[in-house]
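Each chain gets a letter, A, B, C and D, in the order it is written, and its residues are counted from 1.
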Amino acid sequence: MSSCFCDKAIERTADDVATNAQDKLVQSSDPKHPANLICTLCKLFYYNNWVTGTGGGISIKDSKSKYIYIAPSGVQKEQLQPEDMFVMDPETDAYVRTPQKYKPSACTPLFMACYKRRAAGAVIHTHSQHAVMCSLIFGNEFKIANIEQIKAIPSGEKDPVTGKDINLSFFDTLAIPIIDNTAHEEDLVGGLQMALHQYPAATAVIVRRHGIYVWGPSVEKAKVFNEAIDYLMELAVKMYQLGIPPDCGIGDEKKHLTL
Amino acid sequence: MSSCFCDKAIERTADDVATNAQDKLVQSSDPKHPANLICTLCKLFYYNNWVTGTGGGISIKDSKSKYIYIAPSGVQKEQLQPEDMFVMDPETDAYVRTPQKYKPSACTPLFMACYKRRAAGAVIHTHSQHAVMCSLIFGNEFKIANIEQIKAIPSGEKDPVTGKDINLSFFDTLAIPIIDNTAHEEDLVGGLQMALHQYPAATAVIVRRHGIYVWGPSVEKAKVFNEAIDYLMELAVKMYQLGIPPDCGIGDEKKHLTL
Amino acid sequence: MSSCFCDKAIERTADDVATNAQDKLVQSSDPKHPANLICTLCKLFYYNNWVTGTGGGISIKDSKSKYIYIAPSGVQKEQLQPEDMFVMDPETDAYVRTPQKYKPSACTPLFMACYKRRAAGAVIHTHSQHAVMCSLIFGNEFKIANIEQIKAIPSGEKDPVTGKDINLSFFDTLAIPIIDNTAHEEDLVGGLQMALHQYPAATAVIVRRHGIYVWGPSVEKAKVFNEAIDYLMELAVKMYQLGIPPDCGIGDEKKHLTL
Amino acid sequence: MSSCFCDKAIERTADDVATNAQDKLVQSSDPKHPANLICTLCKLFYYNNWVTGTGGGISIKDSKSKYIYIAPSGVQKEQLQPEDMFVMDPETDAYVRTPQKYKPSACTPLFMACYKRRAAGAVIHTHSQHAVMCSLIFGNEFKIANIEQIKAIPSGEKDPVTGKDINLSFFDTLAIPIIDNTAHEEDLVGGLQMALHQYPAATAVIVRRHGIYVWGPSVEKAKVFNEAIDYLMELAVKMYQLGIPPDCGIGDEKKHLTL
């Protein structure tokens, strides 16, 4: 797909002259460079039906420069090119690179809140239908318990010796806060910050009738958390459809089967 | 797939001699050329189960020549080649290119109605099962409200300053007219034109037990509208299956949960 | 996938010497050659979940030699190579090519029945879950009416002038016979032949709790019929889940909605 | 995806010097080499939603060296590289290759149990949602009967003449034991061994609220069994949703239809 919508080849010459210094920030042959990785992940997310119709977004913090890379708003995510990226200096909250013809993502304030309050290395925002369905079924908290996949999610506790995150155990309950949506994405910041405050262990926040924000200490972790949580939300909807509360006790599921 | 059904390589030599001038209209190395883009999009639509079994169709207006490119009828959409395209001059409604061995798309009159009454830049027609299911659940209007993805769809109003389209807000209700199907696709024109008249803001029309027509000022916009609307129709069916009216008020969903 | 399971590269040398004349029948640079096309289609079918777990099969009649190409039995369909194909002479029902290490497909007698009683150009057999579900919901006939996609299926009537197949109209009802499964695939021939007799217009037969056989005058037509019928069976199950009889009259669907 | 997360290119130089002898065990140009095949299959499983979020695992026994290759734990399965593999000598249960920076798979003791008690050639472990749903619907046994796809699964009996496995017939019932999950994957060994003892014919064990383990005499067979069983579990959930017991007698399904 990508190749057939982008006329960057034409634009690039102009850009290069105009903003050469800025473009160095997004030009790299390393597939793990944030500008390249955002493009790769957006393609994957697109084919997962998470960011179709220009929905969703993603941001990665460069581990070396500490600069924050952000996909632009209202664009076809599967067709992003490295030169489409905004780059922000978290020290000053100023853009050190602004692509012509795009406007900054409305998700930016939410991404920044995760970087600042959670020392995130990356933040993923999708319009996953599993998240939307869970936000319709559940109240202010998505809860699922006693499913193996829960073990991919951190509990919030750290190993006293290694200092590494300790993940949830099979017998734990995963709880993800659900906040109400607002007219403008940037207005979600208040609700997000309250959720971050009330759920110090949370690595994700579901936005009702909208989607989900997932973050992690690195882009690899954020990607894994997003996959695991989406798997659990998908499973929760299936359980609910059979009458089984997703957080019911082991063995209790049989009492709830409606068929 | 594509490569294994088309023996164009053999036919081309013959064609080239016969209709060289016409073929210039569909030969371009630019992946954004309408003849190439239609092929790329039809492959994507095929793998989305939107145009299998020769269903659906697509048309793009060339922004330079103003000529209208149309995929032929009754062919395997995922295997289309640029030289399969019909090209029409909207000034005269005459074909300036007619591929041998294919018949014009039965969708042509509907595509033309969108170009003329809506100044469309492209029109997409799919047999999306989500559209068919919504046409069975809903009466003469598909309605969904208070879902973030709605914000990808234009409201019909324009910004007085910039003149740009203003999209729906999260708190709005998206309404898409549903017209009844006819024995012959071309006979849908009457219903389509009435819907265009009654819904001046509509960027799509659902055809009951058939599929959907989606258009936009450019092919990029038409693709985004089609993706966003399909996402919303898919979500609406899931909401309906849980007993939730897709256009119910925020917070009212809990009253409707059947489980 | 394919490349990583097949060690044909090693085997080929041996084969070539041993059965060179036979191998000429399956070696072609033309992607439309039956031996190549079966491999391509089986990959597509595999990713559609139609032939996983070695299920299903496909056969194509070469329009020039009239020889019949058949995929072997009990193999991973997505990994087939041209040299894996059986080739049969329909005049003598004798194999003119038998690959070492494979046994003929148990579907062969059913494929041959379609070739002889229906002048088929290709026969597709899948384990589509939509076919299995419809065979559980319906009795001896799968019926669906008033859906646009029906128009991809021939009615059995021919145009008196052109002699071409006339397809079903939107207002028609598609009826596909459902036969009961047997312990051994070859024993399905009796049921298939009775169905072919009772349904002279049928281009497919559903096998209860098993899958579906679809044929057509050419491989392109058989592929299109299979896609269109699978789309209709998938839609029928969705309609049934909402309480709507798939063959109910236009407008009657609302009376049946259970929610 | 793979290419954009792995920085092996940088690490490799260091590794090669350090553990050259060990690396020979995972370096091969043969796509069927266990180290390569594990990578290929994990990509396939990832796109089937079987091993997302670092879930699942796979192990293959090299038919020549008899060494056992095992994917590491807690890694993104779709991005595995041959040099990420652990290699164990089943004679001594000692690792003959241990990749730096990874920890052995928690599945290892379960894989070894299958190798030793079932003479397995490969073991596949997925977090298939169909397995989890079946473990919620069923008690201590998943049962499905009279479905063609069952014929891909061995019955446990062998042909007295050829000594080959005899598969289940269409009229048989497939029964797969369901064991309860434990806090730590390695603690599943007890339950697995009891199931292997009680179900001498079983080629798979479902772990409640977790996933499934599937094995076979070769990696090709294990892959086929896993695909066929996943197909049957998916179908069983669909049957259950319509009120049909997946193991009900032929013809009895109509009595159970809830609609």
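FYI, contacts are C-beta pairs under 8 Å (C-beta built on N, C-alpha and C of every residue); 3 or more make two chains touch, one makes a residue touch a chain.
Quick caveat, the model's predicted, so the values are computed rather than measured.
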Report task. Tell me whether chain A and chain B, two copies of the same sequence, contact each other through the same residue numbers or different ones, using over half shared as the line for same. Result -> different
Query raised in the report: Expressed in ° and rounded to a multiple of 5, what is the rotation angle of the C-alpha superposition of chain C on chain D?
Result: 90
Report summary line: If chain centres are mean C-alpha positions, then the most distant from chain C is chain A
Query raised in the report: With chain centres defined as C-alpha means, what is the inter-centre distance between chain A and chain D in Å?
Result: 30
**Report entry** Geometric centre distance via CA averages, chain D-chain B, whole Å
**Finding:** 43
Report task. Send over the residues of chain B in touch with two or more other chains. Result -> 241
**Report entry** Overall pattern in which the protein chains touch one another (line/ring/star/complete/other)
**Finding:** ring
Query raised in the report: For this entry, which pairs of chains touch?
Result: A-B, A-D, B-C, C-D
Query raised in the report: Inside the complex, what are the residues of chain B that reach chain C?
Result: 1, 3-5, 7, 49, 52-55, 76, 127, 129, 132-133, 136-137, 139, 180-183, 207-211, 237, 240-241, 243, 258
Report summary line: In the complex, chain B touches chain A at residues 31-32, 36-37, 40, 44, 146-149, 152, 169-171, 220, 223-225, 227-228, 230-231, 234-235, 238-239, 241-242, 244, 250, 253-254, 257, 259
